[in-house]
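Please go over the structures that come below.
Next, two complexes with subunit A in common: one pairs it with subunit B, the other with subunit C.
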Partner chain A sequence: MNEITESQDQRSAAVSLRGISKLFDDVTAVDSVDLDIGDSEFFALLGPSGCGKTTTLRMIAGLEIPSAGSLQIFGEEVGSLPPNKRPVNTVFQNYALFPHMSVVDNVAFGLKMRKIPKSEISTRVHEAISLVRMTGMEDRRPNQLSGGQQQRVALARALVNRPKVLLLDEPLAALDLKLRQEMQFELKQLQREVGITFVFVTHDQEEALALSDRIGVMNDGRLLQVGTPEEMYDAPIDRFVADFIGRSNFLKATLESAEVVCLANGQRIRVPQVDAVSVGDEVQVSLRPERVMIGDLDSAPHDSAQLSGTVETETFLGNSVVYRVALDWMTIEVEADHRPDVERYHAGDRVDLWWRDDAVAVVRP
Partner chain B sequence: MSQSHQRRLPVWALRANGGVVLLFLYAPIILLVIFSFSASRIPGQWGGFTTEWYTTLFDDSRLQRTISVSVRVALVSTLIATVLGTMAALALERFTFRGRRVFDALLYLPIIIPDVTMAVMMLMFFSQSFNVVDAVFGLGLSKGFGTIVVSHVAFNIAFVSVVVRARIAGMNATLEQAASDLYASRWQAFRYVTLPLIAPGVFGGALLALTLSLDDVVVTQFVAGPGSTTLPVYVFSLIRKGVTPTINSVSVIMLVASLILVAGSVALQRANASRGRQQLQTSGGTS
Partner chain C sequence: MKLGAAELKREREERRRGFFLALPSFAYMLLFFVLPLVIVLIYSFATRTSTGSTALSDWNLDAYRKLGEPIVRNVVVRSVVLALVTTVICLVVAYPFAWFCAHQRPTVRNVLLIAVMIPFWTNFLVRNYAWRILLSKGGPISTFTEAIGLGEVDILFTKTAVVIGLVYAYLPFMILPLYASIDRLDQRLIEAGRDLYGSGPQTFRRIILPLTMPGVIAGSILVFVPSMGAYVTPELLGGGKETMLGSYIVTQFLTARNWPVGASLSFVLMAVMLISTVIYFRSGGRNL
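Right after this comes the complex of A and B.
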């Protein structure tokens, strides 16, 4: 993960935040965020509502002015520039299409404001409209369009300006599930086609995992971790991140050395090497339910970490079964495949749980 | 229907009620119009049909002057009050600043204050400030067209800003942010996005201001100077000398003028509304 961050630094970052903070009166919305977003990267800012992700996006757009820190776009300091002086465009959450203008006029707005020659405006507008597959709808008003169509017009209106960075604020939140999945795919295609940096804000972890090259997870105004979707899922460094992306069990432990932790029941287990915490710290071991093996008592292989307990409840989900297994010091959730060749357990059964050493992640509590 | 079991007023009673209300509202107007064509010198007496009062009215240079003053005062004060009132509305709806609440409360004062109080206030303000200006610059200012305009602006700002604010409150602030994100300067965002969207409110506020200014007697009477009498003030003074049928014809003309104004604004609103409905219908059809 560190290697990737360094290589991002060496290229000129599309967007670079250093110690960016934003205070509203006395409330800290964004707390000293450092972040580099690479050129032509699809970057997701992920977090629950009120975590500061939208404020961060709005600071990049120029709709909020940072209280502290430095904000650069392709090496140029833009921290206090107004939005109309920045090489970025935004797709707003509810699209913010101008209701009194037709599709064409909406898309042409930015070019008109920049006094681009008329003939060029008309070619670029029609290119943008066909890019988002809205040809034939040019003369409609926004209230004559469906949600998905409005979304496309909003994209065209932003992309027609050829911004260096496109910002998207919860772009899919207002759409229903089926449309959302379609638009996810289209967004990804579009980003590959135009090849510019996309920064998008979402509270939907699946959307973030599916779309982005890298994800930054925020909570309480702080940026907790940045990484590829796989890194975020496999090697979270913070309990919040592990909990927010996917599901996880958290086992209390103490870090004894870089690769060994002592669980709360006194058992020592090997873990992947940890950098984010120091030896002797209280930590938690994040154990994904689908990464835990379940089997008869004493059936666990001797060279892997293991625990024994009693099945408390079982929940059948079709392709899998979720067991809650009670240990004498905590309860662990286990998700087992539902297949003819996998043993099925029932409430009251005594079972062994085990996992590979590299299946877990050590996180800050 | 369960309603048929309830005791209801007979239809004739409802009709009679409606008729009385209409009569109460419109009989005076009808009488006014009729007697404006009466040849009798006494305003309440029918003496045969004539248009004499209208011709004398058009020959009365004093009356024409007051009409011209009224119209000019109304236009100038409406223009100023609409611009200032819209700006005040924007400031209150779109920005947070120190003293915003106080400003908000103070802005509503002219609506609440009785006309007479407003009139006395304006009168004192003008005489005091003219004293100061005279002492310092020796300009020898006096009451007249300017003071009437200033007074009308003073009370109209409040009405305009109330109407415009309602419209701005119904408009999504993200639209202005979208405009500035699309390279519009503050002014361009206002000119191309905010103003077209709040235009019905601004227009409505301006109409209200125009009507109030044309109507006003009390404040104007206090702050008018010699040679700058407005029509309502003139009519009022005529009545004190005794009512002549000319007043009837003046009133009819004012009535027709305001009917045209109202009809115009209603027609405009209808056109807007039906355009909006059409859009809704077509969008309902496509989705």
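Right after this comes the complex of A and C.
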């Protein structure tokens, strides 16, 4: 992990985790995570439920105290400070708006607690409410608002405090698809406008890809990989990451040299250079369905990696067709464009599959 | 939208079925609650004859006028004060306990809640006599305080003893509604309060307390109302010296043989309680 995290400049880190672990009774929820999140960065913690991403976020918020490790916010050690002493605010899952307070009172809560002068509270609250486009709804109660509106109030309630870091726990999960897409766009714009660090937790890989500057994928309490959305998609270093972000075929192989692997069927193929595994290791080659070309038997160009097989099933998806192609040692999924100029295959057809050497990634099994 | 004939018929049938199912309890309430209440109301307007019997004629408001007299006012004030003190002590004792219960594992929580109800398995009168022994001079408490050098405790037949007895008797009525409202409280709201720079006490005052207010009010009514009308505890632990409304009413019926006054006092007490309960349900409806 170190080769990734250390490339970040120590001084500019908004949030810095070193060996952070959290145990609940005897269960390890978060297992020695090292992570630096940059200033003004939109960072996503991505993973399945129970992977430790929310616990990590809660530790940054101060709602959980780490069992081990160091946690700094802009260089200040905050690991054991209570939440009200940290320069961060949280947008909770399902928003946790105070049901007995109006929109204005909800938004003003943090400022009142910090004993900010009344006149300033009023100005800042109205700024925040107009920032999230909720002007005119000030006197409503949370139960009189739609999900999207509640979401906006929750954002205003956090942002009005001008936190150094905004934490968002599955902020869009409770919204329906269409609203979610709208809010994604708004969230991204809002982050650019206010220019503060956003750390957000999600189990939705598309959301993470669409919103974030960088993504950290977690599983079983461990942070597996951190990188830009493109890096995570193109060059995953772990099978779990390749599988969780997008779809992929995994071909068993052994790393023979920095750029050559031997597949389980004995065939040698060239791969992009890898650092995460060493020569001689058992690895897997991640091959995205849409990066595999499909064509008639013996039509593959001779200079690229290729396999031959029989089409087992075809699934029509509108803009593409997904074929399951049976080789004699495994089955590979191929996604081909659905266009008039692309040949269409059917179950039982013998086909060639091929790909460019740089279309694959070698991952830890 | 207009309902079709078949729909209307079905709806009427369902309503009628509901009425028949509720009929036994309607009848019971009518016979044993509404009817006696009406009798009490009638008696409160009756006349006490010179022999002490009650004449159901010459309807008048004399009994209600008598309620304004100092002797009655003293009893009312004493009852209200003792009931208020009892309610406040119950609230202060019950809130932390209810909070603790609500944050335990389900098994521990059930054991604790059953423990709260165990005293009900013993007769109320017996429990009051037990307190009399506990509090008496030379009783266990007194012996203990003497042993550790605090001197003997002699509080039986005082207001303190009455309040101790009332708190003991009605504490479960405070704990249970408080527990219910604390258990319903969304933990994330507390976290949100803390996250938004609220200290522990601030979060309690601004978020936890307002959101558990329905439980606080329900518990307070459930403790205050029976405390006001308490009879057994003030008699046994107050020794009849600290007369409360309940005892005064009994005296009017049995000793003073002034049924109209006893009836009018009963009726006013009940009306006040009823009105405060209605106010609670109005405000509770808004909070919930």
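Heads up, the rule we're going with is that the second predicted complex is superposed on the first by the 356 of 365 C-alpha atoms of A that agree within 3 Å, B and C clash if a C-alpha of one lies under 4 Å from a C-alpha of the other, contacts with A are read in each partner's own complex, and residues count from 1 in each chain.
Keep this in mind: a contact is a pair of C-beta atoms (placed from the backbone, for glycine too) under 8 Å apart; a residue touches a chain by one contact, two chains touch by 3 or more.
Treat the numbers as computed from the prediction; the structure is a model and nothing was measured.
**Student:** Subunit B versus subunit C on the shared subunit A, clash or fit?
**Tutor:** Once both complexes are aligned on subunit A, subunit B and subunit C clash.
**Student:** Using the superposition on chain A described above, determine whether A:T56 touches subunit B (first), subunit C (second), both, or neither.
**Tutor:** After superposition on chain A, A:T56 lies in contact with neither partner.
**Student:** With the two complexes superposed on chain A, say which partner A:R114 touches: subunit B (first), subunit C (second), both, or neither.
**Tutor:** both
**Student:** Tell me which partner A:S146 touches in the superposition: subunit B (first), subunit C (second), both or neither.
**Tutor:** A:S146 sits against subunit B, while subunit C stays out of touch.
**Student:** Tell me which partner A:T197 touches in the superposition: subunit B (first), subunit C (second), both or neither.
**Tutor:** It touches nothing on subunit B or subunit C.
**Student:** Please write out, lowest number first, the residues of subunit A touched by both subunit B and subunit C across the two complexes.
**Tutor:** In the superposed arrangement, which is not itself an observed complex, subunit A uses residues 61-63, 82-84, 88-90, 92-94, 96-100, 109-110, 113-114, 157-158, 161 for both subunit B and subunit C.
**Student:** Across the complex, what residues on subunit A touch subunit C?
**Tutor:** Listed in rising order, the residues are 61-63, 82-84, 88-90, 92-94, 96-100, 109-110, 113-114, 157-158, 161.
**Student:** For a test of understanding, state which residues of subunit A touch subunit B in their complex under the given definition.
**Tutor:** Residues 61-63, 82-84, 88-90, 92-94, 96-100, 109-110, 113-114, 141, 143-146, 157-158, 161 of subunit A touch subunit B in their complex.
**Student:** Mind pulling up the subunit B residues that touch subunit A in the complex?
**Tutor:** 172, 174-175, 177-185, 188, 192-193, 196-197, 279-280, 282-283, 286-287
**Student:** Once bound in the complex, which stretches of subunit C touch subunit A?
**Tutor:** Per the stated touch rule, the residues are 186, 188-189, 191-199, 202, 206-207, 210-211, 287.
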